[in-house]
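Order of writing sets the chain letters: A, B and C. Residues in each chain are counted from 1.
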Amino acid sequence: MLTIIECLAVISGAVFGVLLARRKQMDFVGVFAVACMTAFGGGTLRDVLLDRHPLFWIQHPHYPLIVFVVAIVVSLIPRVPAWIEKWLPIPDAFGLALFSVVGTDYALKAGVAPFVAILFGVITGTFGGVIGEIVCNEVPSLFRPATPLYATCAFTGGLVQVTCLWWQLPFDIVLWVSAGIVVLMRFAALRYQICLRAIGT
Amino acid sequence: MLTIIECLAVISGAVFGVLLARRKQMDFVGVFAVACMTAFGGGTLRDVLLDRHPLFWIQHPHYPLIVFVVAIVVSLIPRVPAWIEKWLPIPDAFGLALFSVVGTDYALKAGVAPFVAILFGVITGTFGGVIGEIVCNEVPSLFRPATPLYATCAFTGGLVQVTCLWWQLPFDIVLWVSAGIVVLMRFAALRYQICLRAIGT
Amino acid sequence: MLTIIECLAVISGAVFGVLLARRKQMDFVGVFAVACMTAFGGGTLRDVLLDRHPLFWIQHPHYPLIVFVVAIVVSLIPRVPAWIEKWLPIPDAFGLALFSVVGTDYALKAGVAPFVAILFGVITGTFGGVIGEIVCNEVPSLFRPATPLYATCAFTGGLVQVTCLWWQLPFDIVLWVSAGIVVLMRFAALRYQICLRAIGT
């Protein structure tokens, strides 16, 4: 079950990167590189900051291969069908939930303080896209007010997770509940276009 | 004393990041993320390159909390008062001095060669702002000729520090003198608008 | 022999960075910083991702010094002579070959799976330029279709290297053949302007 979600999350991260790189008129090298960054960037940053080695995509080398195949397939399509862009947010929301809950959990197990562990969850869940957009020379959409809640969902999920573990609620249930909150909050934000407002305007 | 300067340096780094993110019309996620990068970026890069773990903001988890509070407070102010932008360079200069002297010292203690240790001081003192501006999609002002001497001050301080330690002058005095040189040089550069000229024009 | 090529590769990486920074009207701080990034960026990223410490430019501190001297010399020249830009691709191609073959070799020895080891070769050979261009606020030319094959040469060389080592061909010969393929392919791409096409147009 977890493996399937993780796989789906890597694939949806990669597809997101391919779409980004296509919009920038990149060639296949750019498409594959950006797809790797959006798929692995958040987890890599987490692992480097926490000094966890080998990195998860070095330990599971089929993930880069999957991204390679995704990049080839989506590159061969002359025009990306509209349903991909339309449905992409759904596996992406599950990926956000999984990566942020796992990221917070890894950080807690590495002895990181609760507040900082929540930030690690957010970094794991969201920084792939941030790195991809920086490389594509854009201000990350994660930081802009026109984007529906994304990091905020991961933060809220992490807050619930840390609080419930503090109350010593059963570990498995806490993880599922926190991940569920992230997914539901993200779907609500997408459905009702809930955004944070720009600061200072 | 050192703790107070360090705290002030983290706060002034965070305020610098918040102002940067506000100018880019970011939402709170962007404001907090950029504030973390400007406050912790230089030290994090130093720690990752030197393989020092846990990172200083993981070991002192009250720093991310301070940045969080700074980001909230400065976000709630509808218009940033002019005196903040006017006086910000003062704690910032102390932060530059502290971070660069400490960065060089850590690198020397890790067995790094003197010239490279000076570079580590410069990286620690200056790269927070560089990372923040890259994320905000700007060419780092540190690298542009219109900005008064900044990295050059850190470099000069590091050069004095390494040379004096080579002469086996007393450790504490060397640190204070080097830091003082950084602060004075930075103040002079700000007061008299001393800049490096553009290369190749 | 290897040391000479490595030295040439670092110098040509640094010159590439200086030219990039000059075009952006940077001051000496920017010129030196970008030169360090283009010269050391790829190897540093490889070492951080593989957890190899100390980093190669910390272990060989004369490399940063060489880059410093190159940055000063090329900064003092008011106008860069045309022959430098014209002949730069030649040492650069040898650098690409050396860095990518060595990068793949390090990754294999660290127990990385073959496909991922090839990617490490490509990262080592090419990401210095990518990081430099990101800092200069450009979409990396490596990812754009107007640039003759570069990452593709490193990838092909790595593929040959991994395959031949799999067949247990003699180690030294494999390295030289793979590096030769990278150089020849890069020269052919430059000579005949062989590029990948943009995806999705």
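One rule holds for everything that comes next: a residue touches a chain if its C-beta (ideal position, glycine included) is under 8 Å from a C-beta of that chain, and two chains touch if they have at least 3 such contacts.
These numbers come from a predicted model, not from an experiment.
Asks: Since chain A and chain C are copies of the same chain sequence, what is the angle of the rotation superposing the Cα atoms of one on the other, rounded to the nearest 5°?
Replies: About 120 degrees of rotation relates the two copies.
Asks: Tell me whether chain B and chain C, two copies of the same sequence, contact each other through the same residue numbers or different ones, using over half shared as the line for same.
Replies: The interface of chain B with chain C is built from mostly unshared positions.
Asks: Which whole number of Å gives the spacing of the CA centres of chain B and chain C?
Replies: Those two chain centres are 30 Å apart.
Asks: Quick check: what residues of chain C touch more than one other chain, meaning two or more?
Replies: As it turns out, chain C has residues touching two or more other chains at 48, 51, 134, 137.
Asks: What residues of chain B sit close enough to touch chain A in their complex?
Replies: My answer: residues 18, 21-22, 24-31, 33-34, 36, 44, 48, 51, 53-55, 57-58, 61, 64-65, 68, 75, 77-80, 134-137.
Asks: In their complex, what parts of chain B are in touch with chain C?
Replies: It comes out as residues 48-51, 110-113, 115-116, 119, 130, 134, 137-140, 142-145, 150-152, 195-201.
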